[in-house]
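My questions all concern the structure below.
Here the chain labels run A, B, C, D and E in written order, and each chain numbers its own residues starting at 1.
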Amino acid sequence: MFLFIVRRIIQTIPVLLGVSLVVFLIMQMVPGDPATLLAGEGATKQTIEMIRHQLGLDRPVIIQYFDYVVHVLQGDFGESLRNNRPVLDEIMIRLPITIELALASIFITVVLGMLAGIISATKQYSAADITIMIVALLGISLPSFWFGLMLIYFFSVNLHIFPVAGWGTFKHMVLPALTLGAGGAAIVARMTRSSMLEVVRQDYMRTARAKGLKEHVIIYKHGLKNALIPVITVVGLQFGALLGGTVLTESVFAINGLGRLIVDAIRTRDLPMVQGGVLIASVIFVFMNLAVDILYRYFNKRVDLN
Amino acid sequence: GCTSDQTSSSATGTKAKAGGTLVVARLSDATTLDPHFITDIPSANVVYEKVYETLVEPDKNMEPKPLLATEWKQIDNVTWEFKLRKGVKFQDGSPFNADAVKTNFDRVLDPKTASPQAGKFEMIKEVKVVDDSTVQFILKYPYAPLLSILMSNEGDIISPKSIKENSDKIGRNPVGTGPYVFKSWKSGEEIKIEKNKDYWGNKPKIDGVVFKVVPEDATRLAMIETGEAHVTDQVPVTEIDRIEASDTMDLYRTDGLAVEYLSFNTKKKPFNDVRVRQAIAHAIEVDSIIKGVYNDVGTKANSTMSPKVFGYDPNIKGYNYDINESKKLLKEAGIKDGLSFTLTTSDRKERINMAEVIQSQLKGIGINVKIQVLEYGAYIDAIAKGQHQVSIGGWGNATGDGDYNQFNLFDSKSQGAAGNSSFYSNPEVDKLIESARQEADSEKRKELYAQAQEIENKDVPYVPIRNYEHLAVTGSSVKGLWLNPASYLMLDDVTVK
Amino acid sequence: MKKQFDETILEVKNLQTYFYTDEGISKAVNGISFKLKKGETLGIVGESGSGKSITSLSLLGLIPSPPGKITGGSILFKGEDLLAKTEKQMRSIRGNEISMIFQEPMTSLNPVYSAGEQIAEAIRLHQKLGKKEAWEKAVEMLRLVGIPSPEKRAKQEPHELSGGMRQRVMIAMALACHPEVLIADEPTTALDVTIQAQILELIKSLQKDLGTAVILITHDLGVVYETCDRVAVMYAGRIVEYTSAKELYNNPKHPYTIGLLNSLPRLDMDQDELTTIPGTVPSPFNMPKGCSFAPRCAHAKPMCHESVPDLLTLDKNTEVSCWMYTSQWETDHTIIEKVGIE
Amino acid sequence: MALQLVDKKILLNVDHLKQYFPIKGGILGRTVNHVKAVDDISFHIYEGETLSIVGESGCGKSTTGRAILRLDEPTSGSIHFKEKDLLSLGKKEMRKIRKDLQVIFQDPFASLNPRQTIGQILGEALAIQNVVPKEERKARIEELLGHVGLRPEAMERYPHEFSGGQRQRVGIARALAVDPKLIICDEAVSALDVSIQAQVLNLLKSLQKKFSLTFLFISHDLGVVRHISDRVMVMYLGKIVEIADKKSIFENPQHPYTRALLSAIPVPNPVHQRERIILTGDVPSPINPPSGCRFHTRCPFAIDICKTKAPELKLSEQNHQVACHIIN
Amino acid sequence: MKTEIVLNNNEIKLEKKESQKLKRWKVFYKKFKKNKLALVGGYIVLFYILVAFLAPLISPKDPFAIDLMHKLQPPSLEHWMGTDDKGRDILSRIIYGSRLSISVGFVSVLFGAIFGITLGLIAGYYGKWVDTIIMRVVDILLAFPGILLALAIISALGPSLINVMVAVGIFSIPTFARIVRGSTLSVRKLEYIDAIRALGATDSTIIFKHIFPNILSPIIVQATLKLATAILSAAGLSYLGLGAQPPSPEWGAMLSSGRDYLFTAPHIALFPGIAISTLVLGFNIFGDGLRDALDPRMKK
């Protein structure tokens, strides 16, 4: 297992290099120049040139990239072009928030989703099942920004239960986590249901019955643990999607997260910031995947470690 | 393309000790708090006349008033002398004096500083210390609007101690003489400033201000409604009816210095033909844009200069809505079988809406408009490079002086990034702008600008659409807030219940 | 192998299990009857799809429902009809008095629990033992089925065990509560011959020690011969011949049984060509009207296509379901001799 | 089938064939170990005969077959088919020679593309090797179907509409389509019910006669093997332990493993009951096979030398080779 | 020969060729129909596709006609869904917008599917280092936050519906590639692939003729589900101002333009919201139904 983890971590290096190269190339393609944006309106060509030089943007592209990679390998992510702050500092402000948000929504995703899925599966084709599945599907099909604003107006403006925006306390987390977790919960519910229905057909479930076990023991003890395996995968992917997909929710709830940082950086052509943000997001994603695989292996011992 | 930057106005403290913290919700975070590097309003708004003060400040009509300088006079064409306020201390305890002023201007002008604002002070040859409380500005050439620049944000006076000790950290640790002291900045989230207990003037009534970043319009309003925030100064025009009807929110409106316009790339066919430009100007029904798109926020513009800017000429007629005239002009220009062009705009909602309405209006005279919405960075890039055919833009005015408008928008030297997005070039206009710069007599300056505007009106490189009006929403507990014409929040008299 | 069996422990009478599916009704088990005596081994043989597994699942009330349903007959276990029992009563019988080993050792164990846990679970349930005692008993059972170092193996999960070991775990699980009836549904089909020999040997010896009655389901006639006392041959949901194991080989009666024995490549003689049964098993949704073997039977007469013959008792030991042995059949020796065993 | 043993021609010669499957591991995912699925075996097949490979699951039967067909690339060794070294052929040449080497698989459900009709399946086989001109294909397909006892209408139908036995016939027809010399039958009848199995075995035998085919017949069912083979090869854990004429193997098995294997088969015949040798334990893993003779861990007769020295395949009597220290 | 005669009495009478195909469809439809929900999904999708095709015929008004005098009108007999902030008829815009939103779904999924399937097939079939390289590249795509990729692409290429499709398409590549690779791996192990290889078929024949058709079901299912995601992603991009160019009535753009009127004129956001949700819902349950109907194990 240890070897497996180490190997996986080593394997991420080329992936991350690839990510940084893609970011770099894309940012070269994107029209718009950080210096012009920095200079503000009405700046003269000389001013813009001076800023370009200051930022080192007048060097050949290849050199810029190599320089970047060399620095990153030394743990130096550079400084924001926009506000000259170390990229890593800026990211570290957002990272905990993003992770908290992601965890809170994953919590909602898992708890709501699995509960609904199990109820649905054990009562297949009942009214409860159909209702849950329709609600779940609605959950998937609502655009998150819309859902978020609706939640704000209902729970914050009208009922004054939760604060509108910001981050920090438990109350702050509820609405964003709900907004972000709802779609995932719906997916998890459906996955749990179908996985559960699949497991119910397995031979070992028949063995359990042949032992004379009670039905709920069969479902929850023998079934659920096996049904979890595909659910874990989905939850993992969902978590990955959360890291990138939080931008809208972060905007709606004014959460100072990584997603917004990266989007803002793209908008201001703040290359080091985009690079750093995307790299860190990728690292998290990769580690998430790793965690999922480890969990997966924990639940599914049949998978060999290769 | 939004509008622009700085103007002035000042926060002279008031008495009353109401206390409380004012929470301001706004679209974006500051980038730096170093006035020599600030190029955007969200940054300037935090420090301008709050943490820092300028030598002179603008009043509600953009007229200069004493602030750190108590009086000033023009000694000759190129020499201005300022008497400084005595007994003022910076927030770090260092004294405010002539040396401090000199240190500031030396810094911004030093090429090593690489300040993007250096260009604005380019006419200054040197700042001379006469005595501890007197300085002289020696200019390279006569420059009438000097005061207007000194009273804008880039004229903020920074503590000389911090300039000397950590010049490159000022962006994060602003120290000035103002009524508020910088407290903290959580990047991307909020900036806090606190009442300056040792302020030389009238101390603020509130304990401090928090500037919170809330990107979503609807969320900002929701925060005002629930009392989570007290002020927001970016308000969708579509919400004003609701705000006015609400008893938890108050709407504040004030005329701005900016103008929105349609800009033709006069280098590109067929817009190099003045008749085509005139034809289009006649085909746009501005009133319905202002009502339909802007919900009557702002007024119909006749010039690219707003009425509040020095040099504005109310006699310019502009182009009336006249389809027949328009068709006739097009015919004269030899355009028979219709005209198609791309209208480029940035991704601001109102601008897009405006583009759609213009598109539908021009359809009336057989002009086929394709709308191209570009993300801000790409938009700036396209305009600077002159890749657009026709664009929607706006020009604010950091100083309230006509030069800032005329020079950037019309002078041949400003083509592209510097502001002249129509790539307009008319030697006559160039000359008028140059002379107005150097003319000390304000009546004569006004006359020169009037002449320039007359020509520009005839040439229509821009079709002026709307004079800005700034909106702010406050919670009903907030009293005494005002916005100056450059859209800065003025907090001198603010109280929060 | 001469044993004396007296007490009937399980009696199945005219059991019918149908599946109601989209394509139609599948009469998987279509009226079968047999008896199982204490300590006896009954073999059920038949080709794939003949209803062997469904028969065994019916006995335990484990038919997947829907679409399956027991539509008739009775299952008397120690004189009581299992079909009349509640689900709760059935649970106390399953795994306790009647237990089962399944066809697929690879998939019949829950992959996420250790072997020991899975055995101990049944013990705790039925014998009301504590966690620790149950575990010890489970280890004991593993030792009994011949797993070396059972303490260690008990802690391992199914994927760490070989196929043969898994099947032993299944057996240990089934025998843990000393059931009176053990149903083994093709317990060795998935295993290699040398392992199969081990497992069959094990079942035989355990049966001798514990006195359990066994129903052994298989399609391997050799296994039946070596392991069983009596045999029921199933074809398309029915028992076509019910006799002692010896009798089956020495003197098969039903044309299907005869055909089956003939198709088997023999280890003891050279054949240039195998005798085959023509055609294939009829589709369960499309059963012939009369005897279901009639379309493949070389002797079939019009009457065979008309109606199904009852199970006919030929002598004390043998029952057969074939018109040939009824009085209605005008014996035609030529045909019988032709297909008769060489 | 009385074979003329005198002038037998070797059709296929396998020499020191090894097939190791790498096991990836370690930090960099390098190959850390191998599954020694087939470990240095040599044998040959005569033209027109049926050679069977028997042995327990995982002993390398299929791997041998697949290596001959180059479905997997063998690790080392050589395979000569009609004097040509298959392993040195290029991709194109190999494709050509595939005409002579065909295969029939075990699973009647997995061995036909469910989305093609029988006609398409056979037609494609004909097209790939361009056996007959396009116009004649249909007639040829009908002929092939006739050979395997299916009616021409079967052409229009999909595999799922057939029973297992019928599908297996289609598989046989596909193999026959290209007029092969050698057909490898990998458990070709194992999945079939006895009554159907007999039909297919008969068919294979009659086709062999008709088209003078050579079979490499892989099976674990000794009854079937005895029925169909001329010679039998017994494998254990990637090695050949015994190879001999059918008669010799079944009447006079020499290797302890062969004997155990034969004795383990339940036989419904009281006369032929042998004394059963019950082997203990499981087949060891082919990743770390036991040293010396691979069977020594389960062999009731193992002596010291068995643990250290691997026995070689030696002629014990005419046409009968055994790899065992005790015998040799 | 015995066996030849044997099969005659056993062979089922052959129906005509057409009816064979028909029968397969019928079986599929029968299974599919069982799932009432899926059927509803299918009908919803069909309904929207019809609407898209018939847009010019059924749309009551000109979807582009701006009428600032009658803006923000609530639903009425004249305007069934009211008018938007420029006085355009929302119903007509939704009708025309169905063309855009459905094409966004289809084109982007097609784009993602073509690349994803090709990559997945190649990786799965050839294995070894080819697989390693392709899957690492796919990992990069997967690790790359989707919306950022879109943002970057659109910033680079300029916003337009086509570029939205490209962007959304690109981030559905990994999903397709992974699914296809997995399925390819399992199909590749099947004996008929070895059989056709033993016959001497070329790799491309094997991949495209034998593997591809047999992994279609998971692809189709994935595609219907992705269609739903794609439409939502496009809406999300519109919200960020990166979607369709005005005045095109793409639903996501309509929805996000309505967010300024959530309280003053909620119908502006409501109707496109409903349109998106129902279409996405339709695709989702249709996809689920397909999965069940195409899954041979789901006999029910």
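Here is the rule we use: a contact is a pair of C-beta atoms (placed from the backbone, for glycine too) under 8 Å apart; a residue touches a chain by one contact, two chains touch by 3 or more.
In this text, all values refer to a predicted model and were calculated from it rather than measured experimentally.
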Given chain A and chain D, the chains that contact each of them: C, E
More contacts between chains, A-C or A-E: A-E
Maximum centroid distance from chain D, chain identifier (CA atoms): B
Inter-centroid spacing, chain D versus chain B (mean Cα positions, whole Å): 87
Intercentroid distance (Cα basis), chain C paired with chain B, Å: 91
Centroid distance [mean C-alpha coordinates] between chain E and chain D, Å: 46
Touching two or more other chains - residue numbers and ranges from chain B: 218, 375, 377-378
Overlap residues in chain C, where contacts from two or more other chains coincide: 276, 278, 280
Chain E residues counted as touching two or more neighbouring chains: 2-3, 6-7, 155, 259, 262-263
Residue ranges of chain A touching chain B (in the complex, touch as defined): 30-33, 36-48, 50-51, 54, 82-85, 89-90, 93-94, 145, 149, 152-153, 156-157, 160, 163-167, 251-254, 256, 260-261, 264, 267-269
Contact footprint of chain C on chain D as seen in their complex: 1, 56-57, 163, 165-166, 193-199, 201-202, 205-206, 220-224, 226-228, 250, 260-269, 271-272, 276, 278-283
Complex contacts: residues of chain D adjacent to chain E: 66, 69, 71, 94-96, 98-99, 101-103, 105-107, 110-115, 124-125, 128-129, 146, 149-151, 153-154, 156-158, 161, 166, 171, 174-175, 178, 199, 202-203, 206
Of chain E, residues touching chain A in the complex: 37, 136-137, 139-140, 142-149, 151-153, 155-156, 228, 232, 235-236, 239-240, 252, 255-256, 259, 262-263, 269, 273, 276-278, 280-281, 284-285, 288, 297
Sites on chain B touched by chain A in the complex: 1-2, 4-5, 25, 28, 31-32, 39-40, 111, 114, 116, 118-119, 168, 171-172, 186-189, 212-216, 218-219, 222-223, 225-226, 228, 375-378, 380-382, 384, 395-396, 398, 404, 408, 414, 416-419
